[in-house]
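After this come two complexes, each holding chain A, first together with chain B and then together with chain C.
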Partner chain A sequence: MEIIKSNITLDAKGLACPMPIVKTKKAMTQLEGGQVLEVQATDKGSKADIKAWAESTGHQYLGTVEEGEVLKHYLRKASGEETIDKKHPHVINNDDLQSKVASNEHIVILDVREEAEYAFNHIPNSISIPLGDLEKRMNELNKEDQLFVVCRTGSRSDLAAQKLAANGFTKVVNVLPGMSNWSGDTASLNL
Partner chain B sequence: MAVIIMTAKEVTQRVFNKQELFLLDVRNENAFQDWKIEGQNFEYLNIPYFDLLDGVDEILDQIPTNKEVLIVCAKEGSSIMVAEMLSEAGRDVSYLQGGMKAWSEYLEPVKVGELKDDGAIYQFVRIGKGCLSYMVVSNGEAAIIDSTRMADVYTTFADGIGAKITNVFDTHLHADHISGGRTIAEKTNATYWLPPNDATEVTFDYQPLEDGNSVTIGNTTIKIDALYSPGHTIGSTSFVVDEKYLLSGDILFIDSIGRPDLAGLAEDWVGDLRETLYKRYRELSDELIVLPAHFMIIEELNDDGSVAKKLGTLFVENHGLNVADEEEFRNMVTGNLPPQPNAYQEIRETNMGKISPDEERQREMEIGPNRCAVR
Partner chain C sequence: MSKKVAIIASNGGLFDGYKVFNIASAAAATDQEVAIFFTFEGLNLIHKQANQQLAMPAGKEHFAEGFAKANVPSIPELLSMAQEMGVKFIGCQMTMDVMGLEKEAFVYGIEVGGAVTFLEFAKGADVTLTF
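On to the complex of A and B.
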């Protein structure tokens, strides 16, 4: 079983509704935009409610892992990243990337979302390096490869693409919009 | 202002009496849309509790001050929170004790009629789910038909009227709720009857219920006569009680008829269903009072809260009994089926004794509306 990384873990075990959500809301205020919260709860109803609450507040519900009696919910705090202007000049849309994947072209897909986002849903065989780790893990990538950089909405991947280009990667393409609208095959980690 | 506790029984009285009630349901939208408390004069507002964590000021103008207001959630915790907030804002409000969980499990006993020699037949209305079960009482003995899993309700009720439970029946293997039949029979040493055609996979001992079986309750002869009436399941059996009442199980309802697909065999069983409804039931007296195992909509309740109607009336009014063309009937019951009940396979396996989920899980499996009929 993979361990999913989070920035804060909230223990709401043994608490009945509405407390898991009351505590989740409070814990969210301690996170920065884009960070991941893990909520551990035993109230079965918490899954549907956390999901609905996230939708109504704009946070991103990533998924839930069940470990015996404990439900581990993963949420990513709203960041407002969607509104930032994208600057990297080379882009591809989801559909065109999907045909490349389907035709088995030799391509490398780099997923720069948080590990917890990647864990629940990603393009098969894509590589996971969160944007925040890219600087120190850039050496894992090959400068000659054609790199398709993907995130949820195209903003973090835009920043990642700029960073890679500045470091001598020449064939870097940003995927727009990214996983939020991906209709091709996906995989998840063995959770 | 005080926060008032309202019990499921008190809400049930408001349903039966067609009273007005304003329900503020604070569950999430999907849960509310899937299943809610139904009443003919009830008004609804659904705002999830998690949208009210910062206060109720914004919704105050949507909450009437000239009506009883009831706050409802899944298990009561969130409704108490919201009720307290509204109370602090100066409103008189109630919350439903135990939430939808209690609503789903509440049974209201309604006496539907007298039987000969001081006997009586009671209908247990599971108002939140639309399940109906029965107790036939005569001379200190009782029989139970199609009981829900809340076994204590029946044993306590029987104790209260000084009756000993001697026979327990299920008209068929249920797919929408967990039967309490086996539990009650074990507790009271009663005989547990099941139609053998539905019981081929059960893991416990039972008394096979065959067409023509007649069971006497009490030392006078209140007879329960079994009538094989397949169609909802292959084993479905109806009962004629005291030559007055037809317990139709999930074959015939007041405003709809049974669906043949919950054991996966809609195409095979539609012919049986037709035969039962259009031939076997036709041979019975029009004067029999039909007592089904379910109601679907709150309008099916009589003024006293019971669900019962003469067979002759149903032959005129129930659409499912008035489809002359066999092909059209086949299309109606196989083509246009509502979604299947939550967890119906798991419920069937529980009723067969194959799995034994804990109470919490059983409760969860039964959550949601009833979907046993086609209209």
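On to the complex of A and C.
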């Protein structure tokens, strides 16, 4: 079983509704935008509740892993990143990338979302390097490859693409909008 | 934009307390603005002594075990949590007069007002609930 990385873990085990939600709200205030919260709960209704809560508060519900009696919910705090202007000049839309994937072209897809986002849903065979780790893990990538950089909405991948370009990667393409609208095949880790 | 939830609490049993404070806390935790108008028996829910020993409905006493097993917080706990999250409590002045109760008999932080105080809030509410 893979371990999903989170910034903060909240123990809401043994608590009845509405306590898991109340605790989740409080825990969220300790996170910075874009960080990941893991909520451990045993309340069976918490899955639907956490999901609905995220929808109405604007945070991102990533998914839930069940381990025996314990439900582990993963949430990513809203960050407002969608409003940043995108600067990397080379872009491709989801549909065009999807046809490249479908035609079995040899391409490299780099997913720069947080590991917990990648864990629940990603393009098969894509590589996971969260934006925050890119600097120190850039050496895992090949400068000669054509790299398609993807995130949820195209903002983090834009920053990643700029960073790669500045470090000598010449064939970097940002995928727009990215996973939020991806209709092609996806995979998830063995959770 | 945050939504507004207006709740009328007009019954004073233990089940009523849970219905009112659970919904109110959940709404507040979801960034909604919540006000509860406590009227008639509903005042029990915010009465300092009465709300520590709210009655189960007749014949439902056996649920006490279930409450303990499910680790459900007590009414005073739920109440202070709701207050902490900014839920507004309005005690009905007219009922208090009828019952001869002063504001001091109730938990700290309540407002006392008439029907119009509540209606003013409820006018702009997205959700209105009566318990």
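Just so it is clear, the second predicted complex is superposed on the first by the 191 of 191 C-alpha atoms of A that agree within 3 Å, B and C clash if a C-alpha of one lies under 4 Å from a C-alpha of the other, contacts with A are read in each partner's own complex, and residues count from 1 in each chain.
In the analysis below, a residue touches a chain if its C-beta (ideal position, glycine included) is under 8 Å from a C-beta of that chain, and two chains touch if they have at least 3 such contacts.
Remember, it's a predicted structure, so these values are computed and weren't measured experimentally.
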Practice problem: Return fit or clash for chain B versus chain C, each positioned on chain A through the superposition. | Solution: clash
Quiz item: A:Trp53 contacts which: chain B (first), chain C (second), both, neither?
Solution: both
Practice problem: Using the touch definition from the top, say if A:Ala102 reaches chain B (first), chain C (second), both or neither. | Solution: neither
Exercise. Considering only touches as defined above, state whether A:Gly14 meets chain B (first), chain C (second), both or neither.
Key: second
Quiz prompt | Which of chain B and chain C A:Val22 touches, first, second, both or neither | solution = both
Quiz item: Does chain B (first) or chain C (second) touch A:Ala187, or do both, or does neither?
Solution: neither
Practice problem: For A:Val70, decide between first (touching chain B), second (touching chain C), both and neither. | Solution: neither
Quiz item: Once the complexes are superposed, what residues of chain A are shared between the chain B interface and the chain C interface?
Solution: 16-19, 21-22, 25, 49, 53, 56
Self-check item: chain A residues within the chain B interface of the complex
Solution: 16-19, 21-22, 25, 44-45, 48-49, 52-53, 56
Exercise. Provide the residue numbers of chain B that touch chain A in the complex, in ascending order.
Key: 28-31, 48-51, 53, 73-75, 77-78, 81, 360, 364
Practice problem: Spell out the residues on chain C that touch chain A in their complex, using ranges where they run on. | Solution: 22, 25-26, 29-31, 70-73, 81, 85
Quiz item: Which bits of chain A are touching chain C when the two form their complex?
Solution: 14-19, 21-22, 24-25, 49, 53, 56-57
